[in-house]
Amino acid sequence: MLNFENDYMRGACPEVMQALVRTNMEQSLGYGDDPYTGSASEKIREACGAPEAQVYLLVGGTQVNALAACAVLRHCQGVISADTGHINHHESGAVEATGHKVLALPSHDGGKLDAARVRSYLQAYWADENYAHMVEPGMLYITHPTEQGALYSLAELAGLSAVCREYRIPLYLDGARLAYALASDRNDISLKDMAALCDMFYIGGTKCGALFGEALVVPRPGVVGNLFSLIKQRGALLAKGRLLGVQFDTLFTGDLYVGNARNALAAADRLAAGLESRGYRFLAPPQTNQLFLIVDDGVVERLRPHATFSLWEHLDGGRSVIRFVTDWATSEEDVDALLALM
Amino acid sequence: MLNFENDYMRGACPEVMQALVRTNMEQSLGYGDDPYTGSASEKIREACGAPEAQVYLLVGGTQVNALAACAVLRHCQGVISADTGHINHHESGAVEATGHKVLALPSHDGGKLDAARVRSYLQAYWADENYAHMVEPGMLYITHPTEQGALYSLAELAGLSAVCREYRIPLYLDGARLAYALASDRNDISLKDMAALCDMFYIGGTKCGALFGEALVVPRPGVVGNLFSLIKQRGALLAKGRLLGVQFDTLFTGDLYVGNARNALAAADRLAAGLESRGYRFLAPPQTNQLFLIVDDGVVERLRPHATFSLWEHLDGGRSVIRFVTDWATSEEDVDALLALM
Amino acid sequence: MLNFENDYMRGACPEVMQALVRTNMEQSLGYGDDPYTGSASEKIREACGAPEAQVYLLVGGTQVNALAACAVLRHCQGVISADTGHINHHESGAVEATGHKVLALPSHDGGKLDAARVRSYLQAYWADENYAHMVEPGMLYITHPTEQGALYSLAELAGLSAVCREYRIPLYLDGARLAYALASDRNDISLKDMAALCDMFYIGGTKCGALFGEALVVPRPGVVGNLFSLIKQRGALLAKGRLLGVQFDTLFTGDLYVGNARNALAAADRLAAGLESRGYRFLAPPQTNQLFLIVDDGVVERLRPHATFSLWEHLDGGRSVIRFVTDWATSEEDVDALLALM
Amino acid sequence: MLNFENDYMRGACPEVMQALVRTNMEQSLGYGDDPYTGSASEKIREACGAPEAQVYLLVGGTQVNALAACAVLRHCQGVISADTGHINHHESGAVEATGHKVLALPSHDGGKLDAARVRSYLQAYWADENYAHMVEPGMLYITHPTEQGALYSLAELAGLSAVCREYRIPLYLDGARLAYALASDRNDISLKDMAALCDMFYIGGTKCGALFGEALVVPRPGVVGNLFSLIKQRGALLAKGRLLGVQFDTLFTGDLYVGNARNALAAADRLAAGLESRGYRFLAPPQTNQLFLIVDDGVVERLRPHATFSLWEHLDGGRSVIRFVTDWATSEEDVDALLALM
């Protein structure tokens, strides 16, 4: 079976796994009071150029997103998201379960939000006579790369950031697949840019070489208070916090975090080129490690016994959108074998 | 000042007020254990042709809507609503505050939901590979008349009911202005129809002649359990439950509930005819006691010192939508005076 | 039937009822934007000597208590209450439903909390190595008079206030029956004292002469922000806010609010004296309009056909505690008739 | 430094770690749809003698406890717990954050609940005239071993189970340190007993040899529905579910789960014997891998530079309770070195 279903089918990249094995019998304090967590946090602060940043190491993405929303939002506030945003569609209502509405706006170009549209939404809200009867927009949520693999440009991110500052709402960036953006030569947003422009973001580990784990970064103090108790209350506090510390400490030593992603991007590019040369069409031009392909339903049936992939959407006329995802370990042989099936 | 801002600017219709005065010094048990509440519930059951119905008398509409949603929905379920639905826009996120998503679908013809669209939404949900990661549609919310004064036909309501039964989700009808539907000759849905086709609905009192109060009806047992404790927990249990009992007992004696609305409809028809004859255009053909008028912004400014009304929406080109509402006490003189200003 | 079950069995005192009737056909803006609400708030500010106070007029006590808790508490905070406190026992878990723990401490002398005990609880919390894993005490809740009719002294209230300020947590006072304290010559706490010593409190109307309604007072700005949207979200915003405004405006004109209570206290004193002379014992010395009497179960059975009262608690040895409550309209004849039954 | 602070200071036992390394490059479906999770669940079902059990593999204990509470409890229900219960004290109000009260009862003999006391609490609740205004007991929570290391006897567990069945509330057992009970010759409760007597329980991995992870078991269908979406919504769904599957599959192969604990118990016994022979007194007779020792504060200060341990409680008279915990890797040398310091 050829596996292109997603980028979290394997365990950890070798360096991370070795670090976990090497430190396995060390004894350290729990809940993040260990030296690895301290070191990982420090390296992330440096990479982000944010010496005062709060860094929280957590287990999974939905956990981080819901935590961020409920840490930041006040009563009666909601979070603006693209209608295609992960929090709007694929987290079983985790944000609403914290009591807050997701305010969905139409997206463009593969799941991106446009600064002008966000501004006009905020303007209209505050201009409404009855705004106090409506959910107040209290945070902006974006993903980079988006759920459909698209990349914001630095100019676009700066535009969104400016709107957020004008209306004094925090900008939160979901970086579940951030490594694949950072490693791409189509991307011009650095971690330092993110720290300067966003008020909270998370650096995804689970899909980017870690065994599991995400690093929530709050670049400047004052956006949220200390989140320790809230993390505990939400069942998101790992007793052996060191496990997360060791992983992020390893990923942020040298170039490992981004390096892992480079392989995935090379494999995705090879796959995209092969598919294009075979005449396949994409839902949107591939930008990172996710390819969204429009195929006849017959192709879906033909592939199923031989490869895993996601059936993204049924289209009219007997066609579907399917998704192929590459990861840090996808080999050229895997890609070529998949191409041979198409 | 001429008041057309809404239908809850005055107190109660005379009969209700007299009943409250007449019973004021009687002593009765609290929390609904009084004879008036029993009698009112019985009359409502009769009017609905639903001898087994649970009836809960509550104070306000947002309170009832949020109660109904949280009573019915299981974890990870949401409620389908028109995008223009009151729970989606004008209740400060009350449903989300109970932990449940509002699943907004586009509306048509003045805030109505279409059975075919609801069916296709439900179909798509259950056909999605990842449905368990998505909010499950667990209830359908409609308003009758809608927020824009439109009326469902009996056929339309039956269509929505059939979809809900096919997918086994309860149909809930928000009847904040129900009297104005029941009193209209454009309406073909009776209380008995509602009891047969809906799983929960409420009969609005606040906007229809009561001092305050709404009657939640659950026509058939089993949809929800006993709601007493939940009503208490949500701060919605009136200590002097009798106040609600006396009012609904009065409104459902003879024809009072519908009769109150007839005057409002007559006034609205007179107003609509006068406006049309002066060349004004409506956002949608007026059906009940709310008129949505498209006017130049100059008209808005000219009216403001003389009349109250709602500024509904700013349109492009220096125009706006404004709303006039009539009530059980609006006189022909009031209507004519307003027309004289237009 | 002689009714001594509680102080919310009748409607409103005559002056309040007349004011509602008198203003019934006036048209005013909804949601508290009416002149009566403005006037009532101003009179309450004056009575409290708190010219900057926020005043919110709401419908019921559980509604106010849960609103206050969720407005004030941050994530992971709880509210300290006497174990006998209304929020701990008789509100169906309304505070917990907002996500916050009630931290119950033992009470003394009829439901009161002791400053020394509260201080030692707060001290122990902050001294605990693992405090961040525990619910942080974030507010102190007391009732005055207590659920058992007892009165704090000014010195006791000042002591609790000092502890709260030392630990920077707001002090909230539930005044569901506040009029019966203010009218008592056993009480030395004025509204001005409460405004000076508490951070939030509510002036009960429902049990003290109003048809319904409670006035939440936040004496100094900054404790909570504007609560309008939260009140709406919690279904606690009365469309016809004027109904509350008219009532509190009337109650705070002249001496009416306290005057109503004086009759209840006189009746309670007469009843207590009569019971004592017949050899009955009280659970605690009567201080306000509630009497808690220890009786043989035979007395309970003998009374039931003739009078309403609360069966408070079963004791060992075939005895029970029963409660008699008087109100603003209890007559000497009622009292004497009840005494004749004992 | 000698580490006796807790049993989650190291990583995983060697067998678990090797299994994670061995399977690291395998690709499997996410969210628990992998063969290891299937195999682990099957082995757990067998060990529990519960062929129809639902098994959910989760990351941490607070996560499981709050999930279980909110999955089982209906609106207005709470969970009965010992006052010393983990959910009542050390989970930052996680259960209350789901909207449910923890109903704390006094504990005895090191954190245990007594069936007679639980029964009398349930009896009193349902006998109360005002029970509908009070939080309904909807679940019983116990820990085995308790937070203080004590063990229920089979008779005691059967007694609690009988009360729960009489009052039709589920019995939930928190087995964070369950291995240390199962491995003890002072214990007479097997996994099969637990499956027969409890309605939900979890088998702790984090503190018992796993890298991380807890296995929630629902022995008989119908107690809760499918929890998948709720787990997702609560941020508790591990993308690489296989990581949990591999660990529990390994722990439940042969005797590993219990075997790990035997070493800890042997070390604890050696430590207890050494302490007793030196004249130290315990808070309660040691039963599992946690020892609670009463010491002069001087001992605390003397130990601090050389050993980690928990300061459990300050006592009067310059004494404290400290806790030593052993684990699957504690050596005789560690124990003897600690004893040499005492």
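Should a chain be cited, it is by its letter among A, B, C and D, assigned in written order, with residues numbered from 1 in that chain.
Rule of thumb we're sticking to: a contact is a pair of C-beta atoms (placed from the backbone, for glycine too) under 8 Å apart; a residue touches a chain by one contact, two chains touch by 3 or more.
Predicted model, so just to flag it, every value in this text is computed and none were measured.
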Sort out for me whether A-D or C-D is joined by the greater number of C-beta contact pairs.
-> A-D
What chain is the most remote from subunit B, judged by the mean position of CA atoms in each chain?
-> D
Since subunit B and subunit C are copies that touch, just let me know if over half of their interface numbering is common to both, same, or not, different.
-> same
Distance from subunit D to subunit B - Cα centre to Cα centre, in angstrom | 50
What is the distance in Å between the mean C-alpha positions of subunit A and subunit D?
-> 34
So what's the Cα centroid distance for subunit C and subunit D, whole Å?
-> 42
Where subunit C touches two or more other chains simultaneously, the residues are 75-76, 91-93, 97, 99, 132-133, 229-230, 232-233
Which of the residues in subunit D come into contact with subunit C in the complex?
-> 75-76, 78, 89-93, 96-102, 104, 127, 129-130, 132-135, 310-311, 314
What residues of subunit B sit close enough to touch subunit C in their complex?
-> 3, 5-6, 8-12, 17, 20-21, 23-30, 59-67, 91-94, 97, 206-207, 211-212, 229-230, 232-240, 242-243, 308, 329
What part of subunit B is in contact with subunit D in the complex they form?
-> 70-71, 74-76, 99, 132-133, 136, 225, 228-230, 232-233
